[in-house]
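By letter and in written order, the chains are A, B, C and D; residue numbering begins at 1 in each of them.
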Amino acid sequence: MTMQAPYTEAAVLGSRYRKVRDYSVELIDGLSAEDCQLQSMAEASPLKWHLAHTSWFFETFILGELAHAPTPFDPAFKILFNSYYIGVGDRHDRPERGMLSRPSLDQVLAYRRHVDEHMQLALATADFPAELATLVELGLNHEQQHQELMLTDLKHHFSRNPLFPAWRETGTDQRPSPGPAATPLVFEGGLVEVGHDANGFCYDNELPRHRVWLEPFALASRNVSNGEYLAFIRDGGYQRPELWLSDGWDQVCSEQWQAPLYWQHDDSGWHVFTLHGLQPVNDEATLTHISFYEADAYARWAGARLPTEMEWEHATTQNQPLQGLFDEVWQWCNSAYLPYPGFQPAAGAVGEYNGKFMINQMVLRGGSLATPTGHSRASYRNFFPAWARWQFSGVRLAWDG
Amino acid sequence: MTMQAPYTEAAVLGSRYRKVRDYSVELIDGLSAEDCQLQSMAEASPLKWHLAHTSWFFETFILGELAHAPTPFDPAFKILFNSYYIGVGDRHDRPERGMLSRPSLDQVLAYRRHVDEHMQLALATADFPAELATLVELGLNHEQQHQELMLTDLKHHFSRNPLFPAWRETGTDQRPSPGPAATPLVFEGGLVEVGHDANGFCYDNELPRHRVWLEPFALASRNVSNGEYLAFIRDGGYQRPELWLSDGWDQVCSEQWQAPLYWQHDDSGWHVFTLHGLQPVNDEATLTHISFYEADAYARWAGARLPTEMEWEHATTQNQPLQGLFDEVWQWCNSAYLPYPGFQPAAGAVGEYNGKFMINQMVLRGGSLATPTGHSRASYRNFFPAWARWQFSGVRLAWDG
Amino acid sequence: MTMQAPYTEAAVLGSRYRKVRDYSVELIDGLSAEDCQLQSMAEASPLKWHLAHTSWFFETFILGELAHAPTPFDPAFKILFNSYYIGVGDRHDRPERGMLSRPSLDQVLAYRRHVDEHMQLALATADFPAELATLVELGLNHEQQHQELMLTDLKHHFSRNPLFPAWRETGTDQRPSPGPAATPLVFEGGLVEVGHDANGFCYDNELPRHRVWLEPFALASRNVSNGEYLAFIRDGGYQRPELWLSDGWDQVCSEQWQAPLYWQHDDSGWHVFTLHGLQPVNDEATLTHISFYEADAYARWAGARLPTEMEWEHATTQNQPLQGLFDEVWQWCNSAYLPYPGFQPAAGAVGEYNGKFMINQMVLRGGSLATPTGHSRASYRNFFPAWARWQFSGVRLAWDG
Amino acid sequence: MTMQAPYTEAAVLGSRYRKVRDYSVELIDGLSAEDCQLQSMAEASPLKWHLAHTSWFFETFILGELAHAPTPFDPAFKILFNSYYIGVGDRHDRPERGMLSRPSLDQVLAYRRHVDEHMQLALATADFPAELATLVELGLNHEQQHQELMLTDLKHHFSRNPLFPAWRETGTDQRPSPGPAATPLVFEGGLVEVGHDANGFCYDNELPRHRVWLEPFALASRNVSNGEYLAFIRDGGYQRPELWLSDGWDQVCSEQWQAPLYWQHDDSGWHVFTLHGLQPVNDEATLTHISFYEADAYARWAGARLPTEMEWEHATTQNQPLQGLFDEVWQWCNSAYLPYPGFQPAAGAVGEYNGKFMINQMVLRGGSLATPTGHSRASYRNFFPAWARWQFSGVRLAWDG
């Protein structure tokens, strides 16, 4: 398969396994079983489902492949917690995930413990197969992706409750951006290399590393802030069709968008629903929860454009003072999510991981405050449809050089 | 107001209050908080919501009207658990009821206890106002209606889970009908009286009692059974447009109906999802979970027709051996749900109880195995849209006399 | 069959046939082939289709039944111009009728001439079967129904063109109502007879004549006027949920209704699109193009109610000064369109004419300025869904006696 | 502006103007006014609308800019026949174009003559402004695009009529492909230039010419044929999810796709609806009317992939025996329709021509049998959503080098 993992000592992998798996359960600390069952839209899954599906991955692709595979925890989970791997068999309908009061959260947590016990046993054996070690690494990265989704999905679920529940009572998910005005940093371009260098883990969609030609360009030293976006709103940004792509304007009209997702306006000004409850919008914080359409319209209004994913990736390697690349928001790129030249999906069902989604989606680069530490990298390709807003997605401006 | 309650001694009412209220909580015995949060479609509410809304009724219309009204348990519940009483203010969107993980089931049960304590205190006072006693009786009947909905809604919620969860592990909700062939019982008709006689409680929609002229007719001595309906299915009932009303046939085609709701067919024959899990269809049991369209098509196929609600009501008063009137299934009538001559909705917000739904619905008469004991009566008018199937709804044949 | 026609001399029938058939073609005088192809919604058919379908009726049910049936004009028309008679075979999808540029209007008119020639020949024969004469009479009444639909459908088609085309350049379809204030006329009720007396033609749905008991009631001497309805609008009628049935209020909100269909408001006041172009609303004219929901809400606002169809029919026989019964607007009744006691649909495919629509529709009584002369009568039952507004439908108030 | 036209002598331009404009009217030769009004879906416009809109372009952007601008033919046409140029003012809703029986086809043809007369007068003047000449050239290319749409839209309109009308009674639009098996032609790639060289007319989206790096690749010498695609169908292509992109499979399921658009299967085999009526599928003809999803699935099944637009463009300049590039079908590329580096939309309303659609669309390269002679070129970028099938769209295979 094309997912590349470094050679991993079993002990190291076992320790990493435990750490990643534990973090998923930490995320639901303080949440009730009812909270973990919410499903607010087809695209966002219940937290209970995330917890089960990530375990299903290990049970199916690792434990099920062992010479002495343990008995499945519950045969029905094979279908219930398959997400989209058609190669593995039937699936439960995505919009119906919130209908699963059974198995209970307690049973799902027991399922996790069952899988973890067997995985720890397996990883502790001397002869754990190397090709499975690579799949374990994939499973851990898969779980980290779902950890970010747990937070973004929960935020969406909770946003539908007029009581504005908080995931954590204190703190904020409004990430302050670094104060001073954004500076355009200039890059020469030319014939450069992009894609993962296969040194360490990466997904198949980051490969192969290959050459691209870039014209000179400039990239902003930081991401756009809430305050800057408010100027766009106040300038009638959501009422001026000439600033928008045609599909974007249709969306603005049909959805009656007036501001980023989760923002609301009343006599006391702009407020935003966060994972920590409703809060006043912080002008200094990094703008987030915008669609590609809004990122694009804002850039046009600002006399700029969005970067391509290649410009973005190349820039991050050029030793320039680029701030907030990986820890604020995913940054929309004006690049469609398509295969690299020579792309080969992995063999078997895990080959469905990335390649089958390479249509009708735009690339985001970077990482967000919800991305688990160490999960992202310069060559990482995140992707969502142009209308999606429930991720921590923002914008960094670019210009022709 | 037009809801009529008998004079009720405070002590008697207090005892009745406790009994009815306790039964709602008994219904969720064995269910988890997750189960009680499920909402499978806009028309079916989570059980948690039913438990809260019925309490909201007493808090709003009784406790809120007392001279020394207790502090509301939680001001937000005013909006969250209002169902449709526009006169009372804002409401939370019906399809969003499943999005309320907060308040938790525990909090809702605490809300119930809070309301119950204050209600018991009030009912124990010497000067409990007579006009409020009438509203308490309405509130208890309202709660009994919701008790039936709790079971029919739960059945629908659970039916979306491929694991086929059971409300109770043993038993069945397939109610055996009384064996022998149905006999047409003949009634002379003429100028008869229908509607409630105002002796005891009734809803406003059962009043005023009034005269109607009935032509001679016949009514079957019992309800149609599963076995009889299977003959209709096997005779191509779902493939023959000439048997159906035009809207019914459109529904059959667009929804691809092949059998009653919850029925499924495989190599081992017909099975049906019940509140007690998946079971083989019992030919001897009373047919249920059919729409008005199916009831009407079946009757046409059988050379019969549906009774009108007036025929049905009159027949029940004529000392004939009619079986299964109130304890098997609600029986679809070929009568639209419209006001009686001289109908007056109650004053105030409770006046929205019935009158505003008098359009686009058909009447069902009788009662079902899920109807709380003592809740129904000969003049009771249940109503649902012609497509609805998730109630315990069946058919009793009629003929011209 | 149950449609009742008087004994008709062939010559009289032939003359009547010609007159009715010619009128359909007169209706498109001044319209282009393009106009006659418009289809603005699934419920409204192109005029070309009406012209063809009414001819199809005679070709199928009369000419096709003759001993020496003529060759069909075009076998494809059998499917293309069948409306809903499932008993006759396949049909072309209703919403697709506007897709038929072929056959051309010219070909459809040739089809009409072909059918007319053969019909005239047949009607001139001495031995024209009596049972077919009854079907001819049905066909002519069928055509007259479609003549009214041609005008109401055309009005809807034209309303979608921002140029506001006129069917006729001069005149108006705002029918002035008779000036003085409406008077409540009182009726005693009692055991009365309704339904057609079978003396002359009627549809099966008007039979059998039967007894009903009516409580005393009052009926307004005339229909509601535009000016009276404007008072309702100005009093916030469309913003007050307590005035509306629940389904009606949902419709007001989802469709953003603010006034009757075809009304629009600007700085120069209220205007209305008519068959004669855009015109100022005439306060003195009869209100029309309202749904059942609006009729019902208006009546509630006015402290009145809608009549039942039985009250309406009985009143028209009582020699009272009731104005505008048949020549202004169809009058919404608070009666669902359901079968009379003892109703029998006709045998064969024409039995699909009425009975299969007896669900989810409300009755309108009377007739409109678009109803062909002589087509309506006191027992005539028109019916449309509660939301429908594109017919000439209005309201006459009633009260309990 | 960025649309580049060669210096054009007024006389040459006048002659070219006449020729292009005349061809639009030739296309409706033999069609009725009714045919020209059909609109089968929101995306496909009536032919009458195409004829008017292309005239509106010249009236608005050329005649309206003249020093002595002629009086508009009809002020209402300003709105009715604007397609999407928000900068020019209001527009008539796209799905409503089929509702315009007025103006008639005759009036639209008169409008064309009016515009043509004034255009010819203007083009004959000595001082016709050079910047307007560039816009005239744009208008003529715009009209040629609409000429292709007139045929593809008409085909879709006619396909909804069960009579299978023919645009031309004889001939076929099944374009035979060049017999022998397709050969993979190998290209070295490297740092190449793509985009228009600004020598002659091009659209803004073909500019600027710029460098790209291409890895070695191979491209098939001809397009895929019907016969080859039938092998895919027979091998279960439409039943095997592993061959499809995720969105593509969803589309296959929801739309129940079994074959290309316009194909139907019965006992006598496969038939296809053409502009010349229903015909047996010709195995030797070039495959067409497939979506991007189908092109992509077919390529995967065939062990190949789609070319990128850059590979395609570069290959056409390399003096290889590539057949059917411009005269058979548009060839789907695995490239999203996005701006070239340094792209600048034209100033003013014509700047809306291309740029605002640069999202959610895939690029097609080449040209089809419906493309007017001389309209396409190697740098031409056509674009449609991945689901679109009503264009003459096919597939040419590619492979990694």
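What to note about this one:
We take it that a contact is a pair of C-beta atoms (placed from the backbone, for glycine too) under 8 Å apart; a residue touches a chain by one contact, two chains touch by 3 or more.
Nothing here was measured: the structure is a model prediction, and the numbers come from that model.
Ranking all chains by how far their C-alpha centres lie from the centre of chain D, first place goes to B. Our note on geometry: chain B versus chain D, Cα centroid distance of 58 Å, whole angstroms.
Centroid to centroid, with C-alpha atoms defining each point, chain B and chain C lie 37 Å apart. Centre-to-centre spacing of chain A and chain B amounts to 46 Å, using the average Cα coordinate of each chain. Touching of two or more other chains is recorded for no residue of chain D.
By the contact rule set out at the top, the touching chain pairs are A-B, A-D, B-C, C-D. In the complex of the two chains, the chain B residues touching chain A come out as 32-35, 37-38, 40, 76, 79-80, 92, 96, 98-105, 157-158, 160-163, 165. Those residues of chain A lying in contact with chain D across their complex are 84, 86-87, 191, 210-215, 217, 241-242, 244-249, 292-293, 296, 334-336, 338-339, 341-342, 352, 356-360, 362, 386, 400.
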